[in-house]
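Naming follows writing order (A, B and C), and every chain is counted from residue 1.
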Amino acid sequence: MRCPNILVFLTLAASLQAENFAIRGVTLHPVSSPDVPNAVLVVTGDRIADMGPKAAIPKGYKIIEGKGLHVYPGMIDSASVLGLSEIGSIRETQDITELGDFNPQLRTIIAINPGSEHIGVTRASGITASVVVPSGGFIGGQASIVHLDGWTWEEMAVEKSAAMQMRRASIEAGFGGRGGGRGFGAARRPFAEVKRRYDEQMQQVRLFFEQARAYQMRKANPVLGFKPDLRLEAMIPVLEGKKPLMIVAEKERGIRDALAFAEREKIKIVLAGAREVDPFLEELAKKNIPVVLPDLYQVPMEEDASIDEPLDIPAKLAKAGIRFAFGSYNIERPRNLPFQAANAVANGLPYDVALKALTLTAAEIWGIADRLGSLDKGKFADFILTDGDPLETKTQIKQMWILGNPVSLENRHTKLYEQYKKRL
Amino acid sequence: MTRNLVLMAMLASGIRAQPVGTAVIAIRDARIHSASGPVIAKGTVLVRNGLIEAVGDKVTIPPEAWIVEGAGLNVYPGLIDPLSTWGQPTAAGAGRPIQAPAPGPTPTTPAQLEQRIQTLDEGGPEERPSNTSWVRAADLLDPKSATLVSARNAGYTTAIGFPMTNVFAGQGSAYNLAGARAGLMVVGDPVGQMITLPARGFGGTFPGSLMGILSYVRQIYIDADYYKAAQALYAQNPVGLQRPAYDRALDGVIASPRILLPAGRFAEIDRMLRFGKEMKQPLVLYGGAEAFRGASLLAAAKVPMLVNLRWPERERDLDPFIKEPLRTLETRDLAPSGPAELVKVGVKFAFYSGGVERPAELRKAGKKAIDAGLSREEALKGLTLYPAQIFGLDNRLGSIEVGKIANLTIMDGDLFDEKSKLKFTLIDGSKYEPAPEAAPATPESNR
Amino acid sequence: MNRRLFLSSLAAAPLLYSAGETILIRNAKILTVTKGRVDGSLLIRDGKIAEIGANVLAPTGATIVDAGGGFLMPGIVDCHAHIGSDATNEGSISVSSMVKIEDVLAPDDIQIYRGLAAGVTTSNVLHGSANTIGGQCTVVKMRWGKPATQMIFAGAKPGIKFALGENVKRAGGGTNFSATARYPATRMGVEDVVREAFNDARAYQRQRDEYQTRLAKGERVLPPRRDLKLEPLVEVLEGKRLVHAHCYRSDEILMLLRTAEEYGFKIRTLQHGLEAYKVAKEIAKHGAGVSTFADSWSYKIEAYDAIPYNAALCMKAGVLTSLNTDAPVTQQRHLLQDAAKTQRYGQLSDDEALSLVTINPARQLMIEDRVGSLEVGKDADIVLTDKHPLSMYAKVQKVFVDGEEYFDREKDMRSRAERETRRKALAEKLKPPPPPAQKKGAR
């Protein structure tokens, strides 16, 4: 409507064969450097070949007129269950939570359903990559990073194993009810009992890490009859500090334990879902521990909490100099990530930090900034074309490219929309 | 003098716990707190045949009276617990509740299903679940209950007991805390219908929620009115009329002179005042943790409040990491100031034992209200005269006045002084001294 | 004293502008929703909007509020919330029309304040969706700090909740896992429950009429027993009570419309109605409204065809459409943003998008003569935001209900530290003494 030539282009099917092309007349938002108005972006194969006000368009390249439009790097969801979950209430469509307490050998990458309707719906918001995280027991398995395009999970993969997910043992004895504490409906268990269970669980986790270390030694010095152990084997990159442990901890005690645990085990961690961050701002900054924000569309944790909690968390982290990224956690939420980021801006987060958290900072946290996260020469051509700020709902995402391929923004919702619009 | 000796000899001979049934007793030279009038610094209470015959500083003691030297003693009206389970069966067999039928297994045959649906169709107010409105505390009273001993040891002489199971739990009865048979102990009955809000689960039987309970109570009162009208019409002339079905659940409601509704939070006080008004029943609220917030509402509605002496406290064994909300803390801090606020605006209140497990702690709990601004006189009334007035029993109980039942509590110091000890009580004119109590079942729970 | 105490314990800062005060809000971009945008001033007198214009003279004694170039919009109306009540579901029976949310209002629920802080000034507090015919609902104004009676929206038509589909079936134990069975367990059964209930209601209605006839003939006769379950259903039949029906799929929506038509009553709103777009024509013809989610989907199978274009499509079909929160399922603090999402999904205009959370839900609740737009004579329920309210970057700064200020962001922020200090002091004061026996090992 506002840009007919683009719309025609949009109707092409997903994952067309990559075709070298250039977009001209657009405002570039590289994220890694200042915005460039009236610029050209050149894509060769799956990479950004050149960009800038005067970038030359090689012969034979398809030219897209982007006057008045904007190009942003594709956004990254740093904690999702995309492809692992289809319909919330139907157990058979869930592949997030395995049985057992310690499952480091599990890999999300191989369970991602490329046909999930959620992938297309998520893309429509400008999200091009997703960190897919399992959860279950204490160690849920390996998070993977995927492009939101591809016929198979293999084609989608950016990193097949990017991090090990771990959840803190829970000690919530239960308190209060809705809105944080009028005392309705909460079946509270005695603290002593809960604490005892918690301590047991903490011990289990410690023992598991000890086992893994012992295995590491055995493996390095194998004797006759050494038999690989898939579970313990999977822990080695974590123990070696090559793969971060993504620890989900929401409350003060959990976060404190997580930090102490990382310190003791001398491992690299990413803290996820943290809400009671106030006591740890200094420590997180000093140790350069990155954070994946909690789902920001949650109610404040307690009755006396700020009306802005948890939307005010990103600003606090930014002020303390802590790196962070946004995560959706819930299968319904990914498409709202850009809006969450904008809400965080409304709550004091600088805009450029918000945009980076959705792109470059996320890529840095996950160690893929050499390929993704910004518009830079040599990086993957994962970006979006919009008519404005992608964090505003009023803005329309016009087109998306992943690995240089134009990707359709059509999805289950747009199809039903078009279908039933005809019935009006 | 000789009579005193006889008394002392009896006490020495090991029958201290037994009531000393004496026709005439005079307690002289004691400090008398009548609750209804000024304190008599040095006076006499004369008791005859279980009633107070005279009180004052110029009472002539008849020669047949046993004399108790009251110098250094304080005489109070017997303490009354206006919402009590003392003497009532313990929870297990309490009130012989009519339980709603347990849900059956999932129906499998069409016939079962038919029956099941039938039952479900009837699931509604007309079924009268959770209703034992006809049950009376007086009928459940056990004169041998150990709880009576500990209550007496704490200076209590009367309880207004209530069945506590079911929404319509049943009718309260006032009874003295000692007597040979239950029938001899009762001093007033029935005094009111107890409404409780049992915690009920989702998907059980109706009513399964607070609003279900309230609408159920509403329907029952509507039905009771209808029942009365139907019976009246039928009694006039039954010819040509369908006879109204006998319904004890409604009879019990109709027999109750007032309704007791629970209200702790401000919102609940507000809610139950409105609800009680709609029921068109004389109303008494119980709970009162936030009476300090709701005093003016109670004053406007002229409704008395029974204040639970178990003041709100931090949940036992709470996670130390949990931040309790300011509002919870404020309520806990200010709850004991409720009675003082109520007095200030002219609301009648009375203290009840509530969740306090040992009666001996009740006076200590009462002292908290004094520390929070309640005068000692009003605190005393809250344990004596006011409960009697609230239940319309002040013509026989609640103060030391001629003609009233001789229920007295005699202390060796001020009632609210922690060091004071109970010397003895008179119940129906019989004397009871503190007796050894059965060890408390769970000392843990009293911390 | 008591009032002060009550207020002090709640999150609200003391009210600055009180009821009945004359207030002139100047230097504002006024989004009336129904009558375009006016850059200028808005005058509040006696709790009502007295004047709107580019230049409004301040009456003597009026309090002047400088909006700082911010935006004024009508207070938000949430047509579907479960906040401010101590109970939500009477889950025991399929027809629980006798229960009333009004009986269990909880004005001390912190969610009221949180909603208020997001600009919500009116909420339709509904019974839950466990029953085919649920309880009676209550429209409240978010007068935080006031007792329940003063929260009730006086004059709002009473309503009742219906529910169709999965929730009702699930509560019924439609699976083999449930020990208790409750009819219905299918959508067929759900229809039957509605029909049976209104069959009963009609019979009850006739019984009452019959009584009047016999009484007129001078017969000795008792009136029929008042039945609190059937009375509200008779009110539905008589058009005196609005039906708000929780539903998802197009088939069940159509079923309900047809059943209602058969019994001669109207469905006022289809709540959620995530597939309403599939039968938008039929809904428009029946005259029902749709109150839906912005973009919730896929949390259950009946939400798999839910699309964020639902509101836009319904609107285009001429259906009176609104967005709701189902709070606390989704939060009132995002309701404005939910409205804004229709600009991404459906490209609605600003006024169309805003109407989804203001005048349209007000119309659905039949309180549009009082709230839902900024018009002279309406209640002064007003929200001040720093940026355009449909921007993701906007924040609510002030909220007035009936001309009384109930929320002010700066004051909220200031009072927060003070409240925290008080909380800490009280926690210290009320700290239980450590049990003397357990010194060892305890930290």
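Please note the rule applied: contacts are C-beta pairs under 8 Å (C-beta built on N, C-alpha and C of every residue); 3 or more make two chains touch, one makes a residue touch a chain.
The model shown is predicted, which means the values in this text are computed figures rather than measured ones.
Taken as a contact graph, the chains are fully connected, with every chain touching every other chain. Greatest Cα centroid separation from chain C: this falls to B. We define each chain's centre as the mean of its Cα atoms; on that basis chain A and chain B are separated by 61 Å.
Mean C-alpha position of chain A lies 34 Å from that of chain C. Here the spacing of chain B and chain C, counted between their Cα centres, is 41 Å. With touch defined as above, residues shared between interfaces to two or more other chains in chain B number as follows: 323-327.
In chain A, the residues touching two or more other chains are 180, 303-304. The set of chain C residues that touch two or more partner chains comprises 86, 106, 108, 419, 423. The touching residues of chain C, counted against chain B in their complex, run 1-3, 5-6, 9-10, 86-96, 98-101, 103-108, 127, 130, 135, 147-149, 171, 173, 176, 178-183, 220, 222, 225-229, 419, 422-423, 426-427, 429-430, 432, 435. In the complex of the two chains, the chain A residues touching chain B come out as 171-173, 175-176, 180-181, 183, 188, 190-192, 194, 251-253, 302-304. The touching residues of chain A, when paired with chain C in their complex, are 1, 86-90, 117-118, 178-180, 182, 184, 297, 299-300, 303-304, 306-307, 331-332, 335-336, 339, 342-343, 345-347, 391-396, 412-414, 416-417, 420-421, 423-424. Listed in rising order, the residues of chain B touching chain C in the complex are 103, 105-107, 113, 116-117, 120, 123-125, 202-212, 214-216, 218-219, 222-223, 226, 229-230, 233, 237, 240-241, 265-267, 270-271, 274-275, 292-297, 313-314, 323-327, 329-334, 341, 447.
Across the interface of their complex, chain A is touched by residues 11, 83, 86, 106, 108-111, 113-114, 117, 166, 277-278, 280-281, 295-301, 304-305, 307-309, 313, 316-317, 328, 330-331, 333-334, 337, 340-341, 343-347, 390-395, 412, 416, 419-420, 423 of chain C.
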